[in-house]
Amino acid sequence: QNATLKIGFVGVTSGPAAAWGISNQRSMEARAAWLNELGGVTIGDKTYNIEIVPFDDQKDPKRAIAGMEKMAQDGVHYVVGPNVDDGAAAVRPVAEQNGIMYFPYAFPKELYTPPASNAILGMVANYQSGPAIYKYLMENKGVKKVAFVAANESDPLSQRESGIAAAQALGLEVVSGNVTYQVDTTDFTPVLLPVIQASPDLLVLSGVSPANAPQLIRSARELGYTGLISTETAQDATVLAEGAGELAEGFISVGGASTPELASDAMNEFVERYTKMFGEYNDESNTKVYALEYIIETLKANPAAIDNVEEYKKTMDTFEAANPFMKGDAKLKYVGTTSFGQKRQVSVPLVVNEYKGGKFETLFVGQVD
Amino acid sequence: MEQIIANGLYLGAQYALIALGLTLIFSLMNVLNFAHGQMYVFGGFVTYTVVVQLGLPFIVGLFASAIVLAVMGAAIEKFLFAPVVRRSKRDESTMLLAAGVAFFLDAVILLFFGEKQRGVPKIVNGVFNWDMRIIMPYDRILIGVLAILLIVAFIAFMNYSKTGRAMRALAQDKMAAQLMGVNVARYSMIGFALGAMLAGLVGGLLVTITGVNLGMGGPTSIKAFLMIMIGGAGVISGAIAGGFILGMMESVGLTVLSAYGDITYLVIFASLMVFLAVRPQGLMGKPWG
Amino acid sequence: MDTKKLLGFAVFLLAVFVLVPLFIGATGRVDFFYTLTSVALLSVGAAGVWLTFYIGRINIGQGAYALVGGYVSAILVTQAGVSFWLTLPLAGLFCAAISVVIGLPILRLRGVYFAMVTLVLTEVARLSALALPVTNGAKGITSIPLPGELSFFGLTIIPAFGSLSNPRIGFYMMAVVLMVVTYLVLWRIVNSRLGHLCRSLQQNEELSASIGVNTAYLRVLAYAISSFFGGIAGAMFASIAQSIYPSSFVVADSVNFMLYCFLGGLGYVFGPMLGTLLLYFGWDLLSIAKQYQLLVYSGVMILLMLVLPNGVLSLLDKKEGRA
Amino acid sequence: MSTILQIKNITKRYGGLTAVNDVSFDVNKGEILSVIGPNGAGKSTLFKLISSFVPATSGEVLFNGERISSLAPHKVARMGVVRTFQETTIFRSMTVRENIIVSHHLRSRASLFGFFLGTKQAKDDEAAFAASADDIVDFLGLQAIRNELASNLPQGHLRALGMAIGLATDPKVILLDEPFAGMNHDETMKMVGLVRRLRDERGVTVLLVEHDMPAVMKISDRIVCINFGQKLAEGTPQEIRENEKVIEAYLGSEDAAIGM
Amino acid sequence: MTKILSVENIELYYDHIYALKGVSIDVDEGETVALIGANGAGKSSILRAITGLRPVKSGQIFYQGQRLDGTPASDVVRKGISMVPEGRRAFPLMSVKDNLLMGAFTRTDKAEIEQTLENVLTRFPRLRERYHQQANTMSGGEQQMMVIGRALMARPKLLLLDEPSLGIAPKLVQDIARAIVAISRDEKVSILLVEQNSRMALSISNRAYALSTGSIALSGNSRDLMNDDRIKAAYLGGEL
């Protein structure tokens, strides 16, 4: 009989932002079930079954703290989440006092830069993907003028700010940079009207949630906008197809592991298992398959870390393992020195997709260091 | 300018329809239905399921939404609100119940329909473009017109049908209405069902344009509250006025204030508070005492 | 206070200050410290909401004051280096002050109108926090230091939290002290002429004015006290999370404050405390229901409302028959 | 006899409707003056103007020569001009005694904060209020219902309670709006006796609005008749009873067919 | 003469208040019966018991020989009993027209409703003048006419009136009294009239009951009661 290794998830799985956390939790659960089916994972001289301990923080930082406390109580040392800036900042004291490594899907740099040391960014930040995308579009599509819109909330607004900074650094002209919308907007036409009138070549939807993206695209197109539209967040193709149909053609977003050019057989099987377990795959989970994998692989590399995060931190600097979700000889390793001055980010391929005919096609693939 | 007005009218029509259902329930039962937005979302998901999953025509989806929500509204009134209203000491107690129902519907929606944004493909294609002065996709025009027709039908129903009259009477004086032969329990239930049905219908109409997701419920309720506050709570004409005013304010504000950044809603909310401080009963509400 | 009440109060103090920590020590459930800290602090905010109910106003705006309180403390601590212990009352006072300015016009509103305006207030607070420079906008304020030492004339009354092996207990004790003081104040208000006047306001404002009560003043006073409670609760939370964001307190929090009052019972001073405990703790306990958590939670809430529409404390009525 | 209240050219408009139109009259100290007039003539509005519950469009009210028209209602009450309401208005979920005690507010000398702390002054005040409340209960003969919840009281008692609330404020002038409505002869006469004693024993000046003519004729020293917001007549009961204009507008003539 | 209504020994409670302690009254076909009594004597409570707004604790009520108690309020009017409640209770935000039409809520015969409406408007010409006016903008007297008209719209066989003179100027009280006499005469309706204005009530009724704290103290022919010393002392007073 295997021992149990508990990995936590603290994030939002109900309410307006449920999509973000649910894709996290489900990809963890799908992967854990698969590993357990294969007989568990062997770390050091012991074999463990993975158990996911989820906690719904309702996107409330106060609850997120309670979630992290609960993880500490349950003896969990590795937690995926939270999904948003305020939650990630709020759990920091608890995580640090209780020796917990956590993988937020939130971008504030002070979470990952010293003296902070317990948070590991679970995905590519927009200040990393943004410049790459803008540069590509400048060079290949002749983009000169760019406009930004964002929801009137912390995460998207911060992303817009760093997006604008990146664009300006590249020499792009920012023609509109302060239009915002409420997340509950049902008609984006009035929101986008002034943006479109500034006639940009590229419209960036900063930190857009999958729920809002189709409507924004649709309104922009219906207002006669013909330029490019892009975002630095992950999107779901089905949602785009249903919500914007053909109008979403050419929409550029950040993708991930299931991209055909990259996906290994293991990844395809993962998608299959996920779909079987939960009825439907969510493309957003592409960016969320990795955290659990990193935790397990790092523990394998240094079994002493299983209940001691200091050991984990030591291992991170040199850690390297094969990336099972990607074709070829891609590696799992920690990066982030450029952005944070220390390795506090998972290395995942920066996949930039273009929406075409109901599916995502890869535009280019980059790497973050 | 024309574009701003057109946008405002379109927004106003859908808002007014949402506010109507809320105000109807409020006037009949003195219940501030926190779950109104969730009912709207539910309606959207029903239409989605019927149209996209089952592949039936849009109009069938719309009817399905109307019926499902009406039945749901009736059940919620009969088994939840009616008993609580009967037994509680203070009117406001129903707020806890309403909030509970809102949470409950949120949970049900999440379990039944999932966390993803859902949408029904466009029902008509093409964009109306008047010399670049008014640009409005045909589907939006269609939905706007449908919404206005529904509003007109609703007003006619409330003013000229016997049932409508009975509901107005009930809202104004329960005891007297009873003496006229109006069965309070039955008509409260009908009223609630009608309010819920309106919410469902808007959800069904808008799912073709904006789609739905489980997060829209709460904020939609809040917007609906704003509208009936502008117009005057429990007054039908007020709800309509409130809907159109909010629609217009959003449309104008977002255009005029776009240069100043994130302040449109701050301005809308602030002016609302000032307005209510000056006119506490809204545009058409009845003053107290 | 008669002896029976005094005794009850002593038992309560014993329970929260001694028995709870002992229990946690014995069971090792240290995470309960935070949960109970939250309950205590939220119940302080809810006490304020309850007071506005007591003058006949439905307040769905307490989140706004909690947010403002949190920011006031955070800004003073990080930017002016003021001691946290000083910022705590300052946050409360600041909230009370702005609530006077806001309350003067809006307290004229009644019924659902007041309720909805206060609902909007929470949004206004969030949007302002996003827009103002002093709040650091969308980025929030992070890395707020833990409360330092509080000492008078060299005598340490509260040690620096950073030096504690477990700041959780520090926060718990602090929160419970705040809660006890808050409810003492509330209890005293309700049982003095001040409370009788509030009740007269709740039942009939016109008549209250005609017997010479300065209704406008009393309303603002009650609302300011309420906002003061909201402000200090928010300040404490900011200090626990060591961060504050525009979304730290949102409309959902305001609605929750109100629900705590309803659930406990609007007719009972200790209603909001019990309501907070049941709803907040209840949610945590229900995490065993996994994806059905919200379903069960809301289902139970609806059931409670059906069985006890006047609040959980109305259970006591049946036994004693309230005078 | 000295004048205690002067109503000077007072006018109130609601939008296009003029509810009270340029009405003037004086009230003497210690008299009982009735205001009569058809439904909607503006009587209740006039009372609201005097007690400053609604602001006058023009004109003013003087109390002992001092202008009170633009003061807040609680200040007017504090000066001693207190109004009861047409619809019986009470604190519904308090007992009769609690209603009366709380209405002593104007007489308190301790501050609100003092009450909160429970200072000696506050305790003295409370004791004084309780004693005075019992006095009033006795005066109005409400002993049997002193601990009843106000919401359970029948109409007649509600009115008496309304009066008690008014008394608790220690008024110099009390405005009673339809104090006899819904009472039968017997009860009306008891109430008439009470109002008289109020004046005789406590020196309170009484203004009242009433449709019950026998009672009005019996109780009033003087009567003012209002019609369509304007003063139609002013005089002793005898003069009013015989005033053709008042008969025409308000009293009507005896009708043999129905024996009235 | 046949009884249209007979109330037999009913008791009625509000929470713990014992409002009616065994009251019996009856009304004959075509007759006008007055119910007088002190404040809180229970007059309105009797009407509430008849219309089913309040359940009776014990005793029975018969209408046209059939058991009436236990019938829900909204069904009572279907049987031919209309009530004008205490304090008028007009639908304040509705027009006179809609108020009147609400009175005919239980009827389905369109043409006959029109006919009744015409009769009511002829009886109260004031209402025709104000046909489209909103009820709450009308004077108390006009509203009282309107709610009586509203009750007539149901074409009742038994009309219950609760203090129609309350808060009404003397001149209008006379108008209302005349209207009641005329209704009884023209429409052959039986009327149960609750009044504090005992002089008026006794002068337009055939018989009367005097109620005192929940039970009947006196009853008899109105003309006789008018001259009864006890009634004179308690309810009528001397002069005017």
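Points worth noting:
Order as written gives the chain letters A, B, C, D and E; numbering starts at 1 within each chain.
What we mean here is this: a residue touches a chain if its C-beta (ideal position, glycine included) is under 8 Å from a C-beta of that chain, and two chains touch if they have at least 3 such contacts.
This structure is a prediction, so every number in the text was calculated from the model and none was measured.
The chains that touch chain B as well as chain E do not exist here; no chain meets both. The set of chains touching chain A and also touching chain C is given as B. Set against the Cα centre of chain D, the chain with the most distant centre is A. At the far end from chain C, in terms of centres built from Cα atoms, lies E. Comparing chain pairs D-E and B-C, the larger number of C-beta contacts belongs to B-C.
Central chain by Cα centroid: B, whose mean Cα position is closest to the mean of all protein Cα atoms. Averaging C-alpha coordinates per chain places the centre of chain A 35 Å away from that of chain B. With centres set at the average Cα position, the gap from chain A to chain D is 72 Å. Taking each chain's centre as the average of its CA atoms, chain C and chain D sit 43 Å apart. Chain E has its Cα centroid 74 Å from the Cα centroid of chain A. Annotation for chain E: no residues touch two or more other chains. Contact of a single residue of chain A with at least two other chains is seen at positions 13-15, 152, 157.
Of all residues in chain C, those touching 2 or more other chains are 127, 130, 206, 252, 291, 294, listed in ascending order.
Pairwise, the chains that touch each other are A-B, A-C, B-C, B-E, C-D, D-E. Those residues of chain E that touch chain B in the complex are listed here as 51, 53, 72-75, 77-78, 82-83, 85, 89-94, 98, 101-103, 105-106, 150, 154. Across the complex, chain C is touched by residues 26, 32, 34, 80, 83-84, 87-90, 92-93, 95-97, 99-104, 106-108, 110-111, 218, 222, 225-226, 229, 233, 261-263, 265-266, 269-270, 272-274, 276-277, 280-282, 285, 288-289 of chain B. Interface residues of chain B facing chain E in the complex, by the touch rule stated above, are 162, 165-166, 168-169, 172-173, 175-184, 286.
Chain A makes touch with chain C in their complex at residues 13-15, 54-56, 58-63, 65-66, 69-70, 72-73, 84-86, 89-90, 92-94, 97, 108, 110, 152-155, 157-158, 161.
Residue ranges of chain D in contact with chain E, taken from their complex: 37-40, 152, 154-157, 178, 181-189, 211, 213-214, 217, 249-252, 255, 257-260.
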